[in-house]
């Protein structure tokens, strides 16, 4: 057994939980009784422990701070496994924007925001990045706003041959139309 | 020196790199030569190593997978240092809805509102957006209402390996408890 | 009676959820179109349970008159007496109270306790509260375990296509429609007809002449509103016999003549 010091354990926990490298002077908050030298010693002990015990991680100095990272020799295997993300699900907000575009395309951002009553710039950008929406042109209206439409990938994902195969197109396309100002 | 096995080191690196608990069958991709039993052994070895060597982290089973987390004894110091962001806390209403869905899933909004005696459209939406609930299908009933179920993220939130680890309802004191003195 | 004390004494640990403080125990309910401060109670059943606990009442034998009075008093004090859910519960309590006062009809038929359904709901809700407390405690324990803060960005892999299915999409449409203040399927433009003005014009013309072609009613460039107003005025007057309408020849405009009950204004 080669147990490590209590302060080293706290250091490991803090470095693990922190979303960025931690600088030496930031560690002070963790334990008022410890000096910078104490932390230096703890960092050394943790680094040595990882090396000696054969871990999958190491302690490195990056960007002016300290961070635990996985060993490069395992990078390929981890990359292959691609655990990075769960099969991405669209948020309720994203689905709603997508639904409006699907039934009302081509449609501008203002019109979508009018229907949902909230702004949706971020959602539109995300849906564009995910390849579900694309710019379909510009409206003739004031400022010539960008118009959005769904992509072939969208049809593929919902398993439809054509846009006209969307359920209840007639009814929903009308219902989703925002209130128009009365004709003069 | 108490060196750990090469596969255990790979396991540690993978668990470090993954943004969520990894299930046993997901580990298979890391090393084609290893069986599930091999991975079980590696998981055991890593857990024992963390315990024996005095680390700041531990290996736990949650949401159908395995995950490295910091030890609770260090939570206070990490919280104080504010290195890590905590997800926003849930309201009592949100927890009540989660409790109902956890035990009755798949369950529709009407049933949830019936049990709580208040409407909960907004709460359901929020829980869906936070990924704690998901649409699980539609009921055969009138209007084919949407049915909700809990997600793996819900299990992570409450730190449970499986839904079956929720307390059985007959273990709960169903009868009303006598009045209790106020919490300190 | 202080409501705050009643609440504090009656709700077991965890009632405040993950927040751990009473201030965030509830969230404002906006469902009914107005905002209600529900900080103390997560609903009418919660309030009712709190009253029952405070009074140390046997749940199987609730003194319904007393509890109903207290319920009304509390929702009034808390300003909840406009919230539909609380009012509904108040109405239910008063109905049960009334039913309890009805004389029981001997032993002709078994007496069904009108409180029964309420007790069932209270017990069911109480169980949910216990589970909620359990979940809150579990989440608090879990929150002491930090997961890794820094997750390496995966190498520039193309994002996998998101999960999406048609049912979800249509559900989203339905949510959008529910969200819209007034989903408009057909828009009807209100255009006020000026029947009164048209009637005056008809009467003026009839005062001048016994008979005239109906188009004389209309100006040079009549709008659809003028035409409809005139037609409605003519039909109304014809019904009362003030005038008669006659078409002399097929496909020609009809003539308007004084009718049997015509009286000059």
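Letters are used for the chains, namely A, B and C, taken in the order the chains are written, and counting of residues starts over at 1 for each.
Criterion: a contact is a pair of C-beta atoms (placed from the backbone, for glycine too) under 8 Å apart; a residue touches a chain by one contact, two chains touch by 3 or more.
None of the values given here were measured: they were computed from a predicted structure.
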| item | value |
| --- | --- |
| Chains most often in contact, by C-beta pairs | B-C |
| Greatest separation from subunit B - chain, by CA centre | C |
| Distance between the centres, which are taken as Cα means, of subunit C and subunit B, whole angstrom | 37 |
| Whole-Å gap between the CA centroids of subunit A and subunit B | 20 |
| Residue numbers of subunit B (touch at least two other chains) | 16-19, 68, 70-71, 78, 83-84 |
| Subunit C residues counted as touching two or more neighbouring chains | 146-149, 152, 168, 171 |
| Contact footprint of subunit A on subunit C as seen in their complex | 146-150, 152, 154-155, 157, 159-166, 168-173, 175-177, 179-180, 182-187, 189 |
| Subunit A residues touching subunit B - in the complex, by the definition given at the top | 1-6, 8-14, 16-19, 22, 26, 29-31, 49, 52-57, 68, 70-71, 74, 77-78, 80-81, 83-86, 89, 91-93 |
| For the subunit A and subunit C complex, residues of the former touching the latter | 13, 16-20, 67, 69-70, 79, 82, 84-85, 87-90, 92, 95-96, 98-100, 102-103, 115-117, 129-132, 153-154, 156-160, 166-168, 171-172, 174-177, 179-180, 182-183 |
| Residues on subunit C engaged by subunit B in the complex (per definition of touch) | 8-10, 12-13, 15-20, 24-27, 29-32, 38, 42-46, 49, 52-54, 56, 59, 85, 89, 121, 123-132, 134-136, 138-139, 141-149, 151-152, 167-168, 171 |
